[in-house]
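Letters A, B, C and D name the chains as they come in the text, with residue numbers starting at 1 for each one.
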Amino acid sequence: MNHLGFEMEKVKIGSFDFTCCEGCQLQLANKESTLPDFLALLDIRNFREISSERLDDYVIALVEGSITRPDEIERIKAIRAQAKVLVAFGTCACFGGVNNLKNRIPQEEAIREVYDGKAVETMPSMKISDIVQVDYSIPGCPVSKDEVERIMVGIVTRSQVSLPTYPVCVDCKQQLNTCLFDLGEICLGPITRAGCNAVCTTGKTACLGCRGPAEELNMPAFLELIKKKGLSLDDLHEKLTFYNAFEPLATDET
Amino acid sequence: MIYKVISKREFKAFIDALVRNNSSFGPRKVDTGSNGEPIYQFMPVKSVDEINFDYTVTHSSAKHFFLPYRDELSHFNFSDGNWEQEIQYESPPIILIGLRPCDINAVNILDDVMLHGAYPSPYYLARRKNTFIIGMDHLPLPDCFCHSMNRHTVNHGFNLFCSDIGDSYYLSINSSKAFNFLKEFRIEEPSYEDNCSLIERRKNIKNSFETKIEVSGLPCFLDIEFDSPIWQKWGDKCLSCGSCAMVCPTCYCYSVEERFDVDLKGSTRQNHLYSCNLVDFAQVTGGHNFRPKNGDRLKYRYYHPYRGFAANDNQQICVGCNRCGRACLADINPKDVINDLRLERESCMICVSPSPDKT
Amino acid sequence: MHDMRFTIPGQDLNREPFAVKIPDFQKKSEVMITDKGYKCRITNIVPLSDLERLFQLRIIDPLEREVFNFRPGQFLMLEIPGYGESPISISSSTSNHEFIELCIRKAGHVTSALFEARQGAFVSVRGPFGTAFPMAEMQGHNVLLIAGGLGIAPMRAPLFWINDHRDKYRDVFLLYGAKEPSQMLFTYQFEEWKKVSHVQMSTIVEKPDESWTGRSGMITALLDEFTFDPKDTYAIVCGPPVMFKFVCSHLDRLGIPMNRMFVSLERRMHCGMGKCCRCMVGSTFTCLDGPVFDYWSVMNLKEAI
Amino acid sequence: MKRDYSLDIHHLTRVEGHANIQITVRDGKLVDARWAIVETPRFFEVMLKGMSAERVPFLTSRICGICSISHSLASIRAVERAMDIVPPVVAEKTRLLAMHGETLQSHALHLFFLIAPDFAGTSSVLPLIQSHPDLVRAGLQLKELGNEISTVTTGRCTHPVSLVVGGLSKAPDKERLLHLRAMIQERKPALETTCSFFHTLTIPAFSRETEFISLSNGSTYPAIGGRLVSSDGVNREENDYLLMTNEYTQEFSTSKFTRLSRESSAAGALARFNNNYHLLHPKARECAESFGLQPVCHNPFMNNIAQLVECVHILEDAEELINSLLESDLAEIKTPYTPKSGKATGAVEAPRGVLYHHIEIDDKGKVTKADCIIPTTQNNGNIHNDLRALVEQSRREGKNDGEITKLCEMVVRSYDPCISCSVH
């Protein structure tokens, strides 16, 4: 930074998508009020969705989506080999996301169901870190542009970046929302990492945990709460497995 | 203090005139809980009809009007390898309607913390000075325990306080501003009957408390019980979600964060209300956490309000509104925790020195 | 029901009374702008080890520079605009009004940013905050300074103070221990401290290498090199928590009264002004009631070490 | 004329998702021109099985990051119709407004980020920030407006939070609606700037007759639900979606293809325009006229102009919707219901065309079967055939290889294909 006597450099970035809805990449083009400033931080080397330019000298790779096909394994390995910093971008990349819901049934059955037996290549969905090492994770379905901005600015200015460690309830209470448990619903806010500004509960829908577990979450106490309130364990299970973000916890406990 | 009486009807006209022309906040029903009970919060109001004067209690306290959940402390403007620091703490005037005595006491406690130490906070002062507070008494809910904390009455810290004496309100006017506004409305000197009604009302409130917490000697108790296993027992239930501290009218601990503007032409230093229950509250560089366990952190959530901190004369800062207890999904509340603590200690005393048998 | 008197247009209410302008606190002497810092220029950066550097700061405004005063043991909130604030002990002499020296280890967000900074960069400091070592009370007695690792940073201010008022103190000892020889800081000043300040000094490392000719082991081992009357001795102990716990109980056994041993505690701090509550130790604020505590108080603090 | 030509674009850029264009001309004869979608399949229909009906919209919105509101609403409509739930009027209006927000955002993204660089001869929008600052500013203003409409109505611009079965979980805030109305006023000039820019462009002259499919309800420009109609005269009930699509698989594509009365058909802005011209706001029709766009237009490149025309319509209609919401009591936003069994189709006009979700529910309220047919799927056949016709026409006109390649890319982009969404 200028006042500290060093010049900042734009980050050479590549944005890549795997199996996903591309909603997270789309966030990069959102928050239009600061978009020109945001783009000015980046030197976009490879971003198929918005640019025809394809250069392979990126330093940071934003990787969106989960891995569901053998060719994707090769592609992610190649990206890992090039990128100094690999960022798992969005819930699918960080945890597998909704894609993992298809893992519940055998893949052949899934193909039969959707493609009438036409040969389609697929395999059980995996998160990025199942294949290659991930340096940073930016969870969210979709990611919060505010957080992405903060992290990119952090990288450019060489300041360290971190995610909130506490759960969504903090932000939710700060929005003066009515707690969904008071309305008789199960909300994953108490066990989910904050940083989304409690956007779902502010819209009065339950948190489904897209940002993954808050640090040191207390699962036994959370289960106790569901039981004590007489809420449906079935519903809890559906919510915990929605984004695959509570993987081991969800399957052991419910 | 000047005492007057105003008919409820006239009072509404008065409030209406106020809220129509000023940025005002009052209790409003925001939802109906699954148990059928209405849920209230202090929300913006534009006319008197939007205010629920007969509300019970708001889920969140009014502290964020004085200590916003996020607040900008200063801004740095960068230029040519240099920077300027800019600090702003102006705040527009607002009216707060319907605060309970415990809520006003809570603001008075925040005054102590924020204004009476070695480093008074200009941000807080600006907001405090520009807030016009109209208090109202109420019959306690079954779980209110402000009486135990001796915060069920209040005699300062508001502009106007209204006690419900049937068809009218008994007004305690505590500021010339309030007095001037009221001059334009039909207010009367309290009659003998009015005074009697007020005393009756106070008695009635005082006698309606169902929840009692024994707080005498609690500070010393808490010091002795610092390492009690009770904390881990309750800590095991705690979700470390911070809800209790967010809704509490006196919890004020915070975190400071600094962020670059996206155009890199400046940066902002913000404070963000935090909670001692949150996992990294006492974590330092290198990862050492002075309070690694839920129990260690929950202990501070109790230690602070009931032990009091040395810096503010060890005064207990809990006002007994039980908002934390209501907000807690894990059913952790001051009454149960403190009683448990006392019970353990007392049963312990008994085994050490059994009382002589009655003969 | 309303007669004319009551239909006050709200405008009137709004007009005068509510146009209360916030008083300009800046002009009111009783309210400090607590978040305003002194702008400083980094005038010199001295590498001390792989992880530690000494930063020399100069407050830019001459008036502010004049006003800025501190006592040995106090700390500052060092702000790197854009990156954040950190509490740092002042490591220079109280009589030096030209420069402030800070000895800093690269540890996290803020300190790493500082290590990127070049000479001439602009930073800001707030403070000084906190309690100090009771230099006046120590007069006429022996002073035992025991530093471990980075604990030498807060130790320099009392050392300089003693040098400035050397005749007021009796025997002064400095015991300094580090993990490895390469982590021993300020070695270039040892001779000066010994010769000019008449400090009896000894060093020790935990893990010696081939270059090291001195002693190795725990810092308390150095105590047998010196003779002093424990009853007439004050001690200042700075270093990681494990170390001062260990050292203080040793000194206690030697007979130094607990209220004559001083330590400096470190906690997470976000304000320095007793508001954010991050630095609570039991019911005590490290920033207001500390960081310097006597060992007796520390013993009485909950969760201190 | 060169006798051989081959084009193999691996992962076409500036489109959503992964697809290739492969063209081979040998000895002057076109042997192959294909639109091959290689996107990884996600199996949403499988994921949906066993899920509670109330959660369905939250899952289906994840089919697409651009038109998540449409997916959410298609599912909600299917579930509501299956369980006989009638949402309150306020909810219907809010949903329609949300659709407008999404379409505006999507069209703006397409016109500025994906299409404009083709005409300007750049590889992305980034160089345009310098060369055409006013245009880029206008584009961002419109996109931001679209996002803001979605945020005010649904809580967030991608993956809506407050669109639920039965209505809305939270009503839009009146203060924010007021602000939105002002914002629309303020941003109309941005749309004019955009129109002026597009007036300066030469839209490639190309035409291939096809069948246009859209929704139609006869009284308003289509958005949520209605009859399924085509420019060839087909007119069916919503639940008969299968008869409109006749999905089939192609061995070279992971996305399916559809057909109706001809070998392929088109959905999207141009189809809506062609089938519902008279229901557009007069200002929108005026705009169409200024571009010489009239129904029925068979030039796929004109789809972009139809999008622009729709933006004009949306700004006008959104204003009216906001006014009507501001006058309504926003207390009643959700119809209570108890889950029951049933099956139905929900069709909506997503930015890229008709979107069908068909959902079957058991008496516990769990999904037993789901089927989603995406607009891009319905355009695949047309894209495929257009490529063939375009290559042939261009070669006749003596265009060089570079020009042909560019035109091929452009014709694909003109459909604004959303590939990841089509392979769901």
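Assume contacts are C-beta pairs under 8 Å (C-beta built on N, C-alpha and C of every residue); 3 or more make two chains touch, one makes a residue touch a chain.
Everything quoted here is computed from the prediction, not taken from an experiment.
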item: Central subunit by CA centre of mass proxy; value: A
item: Of A-C and B-C, pair with higher C-beta contact tally; value: B-C
item: CA centroid of chain C to CA centroid of chain D, Å; value: 63
item: Whole-Å separation of chain centres (CA-atom averages), chain B against chain C; value: 35
item: Geometric centre distance via CA averages, chain C-chain A, whole Å; value: 42
item: Centroid distance [mean C-alpha coordinates] between chain D and chain A, Å; value: 25
item: Numbers and ranges of chain A residues touching at least 2 other chains; value: 1, 3, 5, 157, 159
item: In chain B, residues with contacts to at least two other chains; value: 78, 81-83, 260
item: All pairs of touching chains, each written as two labels joined by a dash; value: A-B, A-C, A-D, B-C
item: Residues of chain A defined as touching chain D within the complex; value: 17-27, 29-30, 32-33, 35-36, 39, 44, 47-54, 68-69, 72, 97-99, 101-102, 104-105, 109-110, 113-116, 118, 120, 122, 141-142, 199-200, 202-205, 208, 235, 238, 242
item: List of chain B residues in touch with chain A within their complex; value: 30-31, 33-34, 39, 41, 43, 59-60, 64, 69-70, 78, 80-83, 236-243, 246-247, 259-264, 273, 275, 278-280, 294, 327, 329-331
item: Contacting residues of chain C [partner chain A, same complex]; value: 80-84, 108-109, 112-113, 116-123
item: In the complex with chain A, residue positions of chain D that touch it; value: 11, 13-17, 40-43, 45-47, 49-52, 55, 58-59, 62-66, 68, 109, 113-114, 117, 123-126, 129, 140-141, 143-144, 147, 154-162, 164, 169-170, 249, 251, 254, 420-421
item: Residues on chain A engaged by chain B in the complex (per definition of touch); value: 1-3, 5, 8, 34, 37-38, 40-41, 149-150, 153-154, 156-157, 159, 165-167, 169-170, 173-174, 176, 178-179, 181-184, 189-191, 214-218, 220-222, 224-225, 228
